[in-house]
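Next come two complexes built around chain A: one with chain B, the other with chain C.
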Partner chain A sequence: MTLAIFFGCTFIAFGPALGLFLFTIARDPLRIIIFIAGAFFWLVSLLLSSLIWFIAIKASDPRDEPLQKGLLIFGVMFSVLLQEAFRFLYYKLLRKAIEGLVALSEDGCSPISIQQMAYVAGVGFGFMSGAFSMINLLADALGPGTVGIHGDSQLYFLTSAFMTMVLIFLHTFWGILFFHGCEHRRWWEITAVIVMHLAVSGSTFCNPLYMGSLVPSYLLMATAATWAYLLSGGSAQNLQRFLLCKSCSVMGTGDPAGSSGYLDQCWGGKRVSQGLE
Partner chain B sequence: MEAAAGRCRVPLPAWWGVLFAVLAAGSCQGNSVERKIYIPLNKTAPCVRLLNATHQIGCQSSISGDTGVIHVVEKEEDLNWVLADGPHPPYMILLDGNLFNRRVMQQLKGTSRVSGLAVAVAQLSPPQGFSPGLKCPNDGFGVYSKDYGPQFAHCNKTVWNPVGSGLSYEDFDFPIFLLEDANETQVIKQCYQDHNVPRDGSGPEYPLCAMQLFSHMHAVTSTVTCMRRSSLQSTFSINPEVVCDPLLDYNVWSTLHPINSSGKVDPEKEVIIVATRIDSHSFFWNIAPGAESAVSSFVTHLAAAEALHKVSDVHLLQRNIMFTFFQGETFDYIGSSRMVYDMEKDKFPLRLDNIYSFVELNQVALRNDSILWMHTDPVSRMNKTVEAQVRNLLDILSDSSMGARVTLQEAGYSQPLPPSSFQRFLRARHIPGVVLTDHRTAFQNRYYQSMYDTPENIGMQYPEGLSPEETLEYVTDTAKSLAEVATVVARALYRLAGGANNTSAIQADPKTVTRMLYGFLIKMNNSWFQSIIKPDIKGILGDVPQHYVAVSSPVNTTYLVQYVLANLTGTVVNLTKEECLNPEKTPSSEKEMYEYAWVQGSLDPNSTSRVPYCVRSTVHLSKALSPAFELRQWGSTEYSTWTESRWKEIRARIFLVASKELEIITLVVGIAILVFSLLATYFINAKADVLFSIPRDPGAVAY
Partner chain C sequence: MITFMNNSDSEEEPCNERTSLMSAESPPVPSYQDGLQPSEAGEVQAHRKRRTGSSRSPNNIADGNMSDSGVPVREGTLENEEEELTLKYGAKHVIMLFVPVTLCMIVVVATIKSVRFYTEKNGQLIYTPFSEDTPSVGQRLLNSVLNTIIMISVIVVMTVFLVLLYKYRCYKFIHGWLILSSLMLLFLFTYIYLGEVLKTYNVAMDYPTLFLVIWNFGAVGMICIHWKGPLQLQQAYLIMISALMALVFIKYLPEWSAWVILGAISIYDLMAVLCPKGPLRMLVETAQERNEPIFPALIYSSAMMWTVGMAKPDTAARGPSQQTWDAAEDGREDHRSPSHTDSQMSETRSPVPTRPITSFEELEEEERGVKLGLGDFIFYSVLVGKAAATASGDWNTTLACFVAILIGLCLTLLLLAVFKKALPALPISITFGLVFYFSTDNLVRPFMDTLASHQLYI
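For the complex of A and B:
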């Protein structure tokens, strides 16, 4: 009955991603396009980095164990850098896209903001990364056997599923952070994303000591989540209002203008009229 | 905005692509996750399903393989764990070869706690003997029945194979595999020791070591059913799914004087038929060493044929001699029944009238005190003419053994014929004939039709440290003793055929006999066999020699017997390759009388090229398919109706299985995470405006 393990691991790994996709991305065709294009960009980065690794492996002696291990570490680090490079390229592409969308619109507002694009791009990257991590494991989870006959840990499938889940979340938050850093020319945000990504990938070399890879990854995810939330317009008060006032029916778009009296601006794809005379 | 008002369109092809990727990723052989989980067992032999007119025999697994927790059974007490005590049924048993007997198998057959069996081949043959064949082989298809010699029918007088347990002819509903490699057996036992051994009296804990065997057979019930289904498929379906195939191959026959193979021989011409069988069987598929039951007899026959062809006045002999090698005799006389049928229906150059006498060689290697027994049919000898001819035959044989180290003795009137191809000829006509064996009553062979009928069974021993070439040429005692028998048979045949001269010059060559024994029992890929076959079939010389009749023809054994006979009895002719391959173009080739073969020749001593040449011989193949399939009488009780089932894949692997609790926990955690994340995302999305407000900082404008 390892259908149970198959479905269990699928839901653990892709449950949150499914939720994000269904409720935030699936309704809007533009977001779907950005999501798929983001997945594609990640895929191309993986293709290039695997090409480099494959050439390195073929050119080296397969029996030299430390060399193979070293090549693997080099491959992983190179892949991380290439993924972030492609994230930057995608950012550039999306900036151009925004200018085009603004030109096409009736009211000079792009139907989607760069922050929303950052979020969707992050989900796209994360989903494709998770798919590549998890799908061949899921296919083998369908058979009657479980990992362990050569001495590996029995929890292999379960920990891989949790790692995939955390990686999808991390890519989402890194997308937001990275685009924000590019937008406001804050290089230290970009560097932080790259360092976090290298740290998470590097921690997986601790496996099968799963505490060494899962715990730091979840801690980093919490950090990145908080940071991304703050950058996206969140604050502690908002969080409090959300958690406590759950029965309050705050409908509509609220009062986006607040009390500071902004002039005409775009918010959420609509031009908002003046709040104050 | 049109974009915002558009409906959600999930691109469907993308999702099918992902699903396909999941399935494709898993079916890649040898991907690294699969290698973490499974250890494949490569050197195994399955037990397959065979069917006859009324029954199915052999083993069957479910369509997606049978899985079970491994339990090693090395003594009979270990069986109690499997049958009663073990807490994790069903079990997959790793049985020691010495326990593979009828009593244990009956216990396993009766329980549902066994999902399969893997037998580790015993290093030494069981000393008490082991034969999965029947006690009365080929009963009901020989000559003795309630109408002919009823006192001899169904082994009433003599049980030929008393050690026989009939295991091969039972029907098992779980897969049974043979583990040929001792290293793989050790790996399985190590896995069992690490995970499955009960500790402190309580049951072992998960994860447990398990094995999965795949050997799903497509045919069911009987030949009648499976051939009916196959013929319906072939008639009506564009892509027919045939479920079983009849056992078929080719008989090899050759005559001392060439005859026109597409014409008919005059009724006045008399022929003496010498016959042996060339196939064997065991419980497992494609494992049939058959050293004593088949190889010893046909090697002796080949040596006698070679000795006769060397005699100078062969062309002056009054009668012709036909050397016949029957295939499929293990399965109710497929080859001999077909030849008799062809002779009766005039599809063979000879007719039953032409047969002057019949000499058969059956199991001649294990002689006690070098006595060879001559068996005759007591029922036909009650006729005076037949009795006189048989008497003559027996006297000639006894005379030929003078001066040789073989003593021929008669088995007597009280003994019926042992199971032999001669019985099929007797069913058609009362021909005088004799069957030569090394046993008077029961078989001397205690491993009849089993995997233990190996060269050691007939006493073949080689000294240590010989290279393969030296081993090929080394003359063993077995070879010498079989050469003696061949000499006696050759001399007797010369006399029977009307030869008048002194026979002391007729000698079988022990060097040829030992090379044949080496090639057919130990290593087919030797230099002699390589030099006598056609260049384009050298791929057949690869495997461990075995002699199962199989369903694709001709099998290696048939090819090799054909080419060895051509080499030993034919002549080298000076034709080019084109002339040899197309003899009808050459005027003097007499294509109907002879067969021409272009063989690749031996290796030059210091080079890698061979010197091929053309061999002209009288060796022909005749189809050995039971007449039941020609006549489409699939339920026939007169002719053999054995078929072999078809299958898709046969493999075995071991792995660890996790406990049910872990699986359920994983599923529950997964569902919980899914539900929680869906709810959380819904609420966050619904209250997004609460959570995310516009930043007040005028510099950071959201656009």
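For the complex of A and C:
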């Protein structure tokens, strides 16, 4: 395979994530730490789900093909559930961290809000998930070979890259939705995230019938994106204003509706007026 | 080890490496406008002096041990305000450590993956005499444990030796030792490294050019590390030599021995820092008694200090030289010496009385530096490099180890903030790294490979 494939797939898969990281996360040390901790939590969830799958595999007959396939499906679903469980655990941890940060700050305001943490955590999860899916593929893409020479799909690398990209985005949005649901005790949001994740993972079982996996995933991503945008305080007017580059003196509308008490005071006006985000 | 760095009274401190590493007196709270980032982590003053110049090649003599820097017990006499300031610096300092550690690991992994020389087995060091080429698993395990015992004993002996040297004030000897070691690293190992890289990419270089390049690299490195130089250049050199040292370890330590040694060294680190009779602790206490800096060694420092304006003429004058003075006269230190003399010095001094805040002082940005001993760099890089070299070509394992080490570092800083006493920096990171290496290599890899072959995504 060629260098073009390598670079192309790398940038397709990780370009948006890199942009998100560089422009929103890299400047703030606290966000970088939350990002890496998010990656770590995803990693731990993967570890545990691999452990379960490994035990199941070893305990079963390796020649029984349908059983192995069934175990794989079970492994995937279990992994998804475990990832969401760890997202919840991470939410709990970040909640505690916010309390600590508030206690340490001089004006009673945390330097970072739970919504921002949700976003960063989502990016962290997504990046790690994408990296684990894609990096080995990219390393192989640098070496010799022909894609699909045995009759498999020739679009393997490209579709993997696109799938990785959509998954990174999805994790970001799911992070926002999930944390919002936990924050406001809206269980249906949490359930929606879990169902979406299961749906996306399940749709990949259609591969190599890429219409069945990529298209639904992108549709779900668009849905999740809109939903997360609305939950974060966005609206059609905001979007219009942004696109038409109208100068915006009401950045405070970025404050999500219904944030908790002190956050209102911190993030509704004060912090924003100081130019902090 | 990691400890808090307290305010230092820079105006009275002579201009030497510790003042440059320590920040000047911490500015009063209002003038620190840097976005106020309190974080869960405590402030980091991670000093580790590790001797990096261990000549691991058989033909070299001394300098075998890794020196870990013990950290002097932080004197918990901070006022509340200072405490808050301390904690506010936490997140930024964590990142100031993340970046060099990441860079070192990237250099090591890139070299391991491209230059085949460092993954070929070409003999072993004299410190690990038992070979692992035995057929039975039990024998191999036994050999690796024996290798570890020998290696750790060498380190302990060297550390004790250095503590004794320090106790009996044989400074010149230590200086010479350290300079010799850094000479060897900067010239010999760089020459070998450059040779292998050129071989890998099939680039021809004639001897005069090679001599010029190596001479310049080495000479500037010696000057930067042992005397004065721009801060970033010095940091770059320290990262380079840590990477070189880590590569030597990766090449010459047999596989199982490397893992056992990593585990054993973290345990040793834990004991040397926390036990009352540990060599590092004794070293620190001796330095405290004498009220002088712990013998300078190779420490990575990210101290920055800019003085703008004329609020403090003497510090302004010293500013540039302080900035470049990092670990200036420090040679390589062979022992695991705590590198917290600086913090001790600052701790024993009284904090500077609050100055009236002038406009000049507001322009002044004094940031406390963060120091991390090169031994930590080396062992982190050894772990990640070994993962890259031996994990069946799997990049996931390398990535997992990398994240695990960073999180371990973060957690160590957090524990530091919670417990407020000197803590060793190696154990948590290395433990996480080892756990993640073995579990990713054996559990996650088959799972991800199966998923990738069916193009499933989780």
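What we mean here is this: the second predicted complex is superposed on the first by the 247 of 277 C-alpha atoms of A that agree within 3 Å, B and C clash if a C-alpha of one lies under 4 Å from a C-alpha of the other, contacts with A are read in each partner's own complex, and residues count from 1 in each chain.
Just so we're on the same page, contacts are C-beta pairs under 8 Å (C-beta built on N, C-alpha and C of every residue); 3 or more make two chains touch, one makes a residue touch a chain.
Predicted, not measured: the structure shown is a model, and the values here were computed from it.
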Q: Give one of first, second, both or neither to describe whether A:N207 is in contact with chain B, with chain C, with both, or with none.
A: second
Q: Quick one: name whichever of chain B and chain C touches more residues of chain A.
A: B
Q) Which of the two partners, first being chain B and second being chain C, lies in contact with A:I32: first, second, both, or neither? A) both
Q: Considering only the touch criterion stated at the top, classify A:M163 as touching first (chain B), second (chain C), both, or neither.
A: second
Q) Just chain B (first), just chain C (second), both, or neither: which does A:A139 touch? A) both
Q. After superposition on the shared chain, which partner residues are touched by A:G70: those of chain B (first), chain C (second), both, or neither?
A. neither
Q | First (chain B), second (chain C), both or neither touched by A:G148 | A | first
Q: Considering only touches as defined above, state whether A:G108 meets chain B (first), chain C (second), both or neither.
A: neither
Q) If you stack the two complexes on chain A, which partner ends up touching A:A131: first (chain B), second (chain C), both, or neither? A) both
Q: Check whether A:C245 is in contact with chain B, with chain C, with both or with neither, and answer first, second, both or neither.
A: first
Q. Which positions of chain A sit in both the chain B and the chain C interface?
A. 28-30, 32, 36, 105-106, 111, 131, 135-137, 139, 156
Q. Taking the complex as given, what residues does chain B use to touch chain A?
A. 1, 3-4, 6, 8-11, 14, 18, 21-23, 25-28, 31, 33-34, 36-39, 67, 191, 207, 209-210, 212, 653-658, 660, 662-671, 673-674, 677-678, 680-683, 685, 687, 689-696, 698, 700-703
(Q) So in the complex, the part of chain A that touches chain C is made up of which residues? (A) 28-30, 32-33, 36-37, 39-40, 43, 46-47, 49-51, 53-54, 57, 72, 75-76, 79-80, 83, 97, 100-101, 104-106, 111, 128-129, 131-133, 135-137, 139, 156, 159-160, 163-164, 167, 200-201, 204-205, 207-208, 276
(Q) Quick check on the complex: what are the chain C residues that touch chain A? (A) 29, 35-41, 84, 87-88, 91-92, 94-95, 98, 393-396, 399-400, 403-404, 406-407, 410, 436, 439-440, 442-444, 446-448, 450-452, 454-458
Q) Any idea which chain A residues touch chain B in the complex? A) 1-2, 4-5, 7-12, 15-16, 18-20, 22-24, 26-30, 32, 36, 98, 105-106, 109-111, 113-115, 131, 135-140, 142-150, 152, 154, 156-158, 161, 165, 184, 229, 232-235, 238-239, 241-242, 245-246, 250, 252-254, 256, 258, 260, 262, 265-267, 269
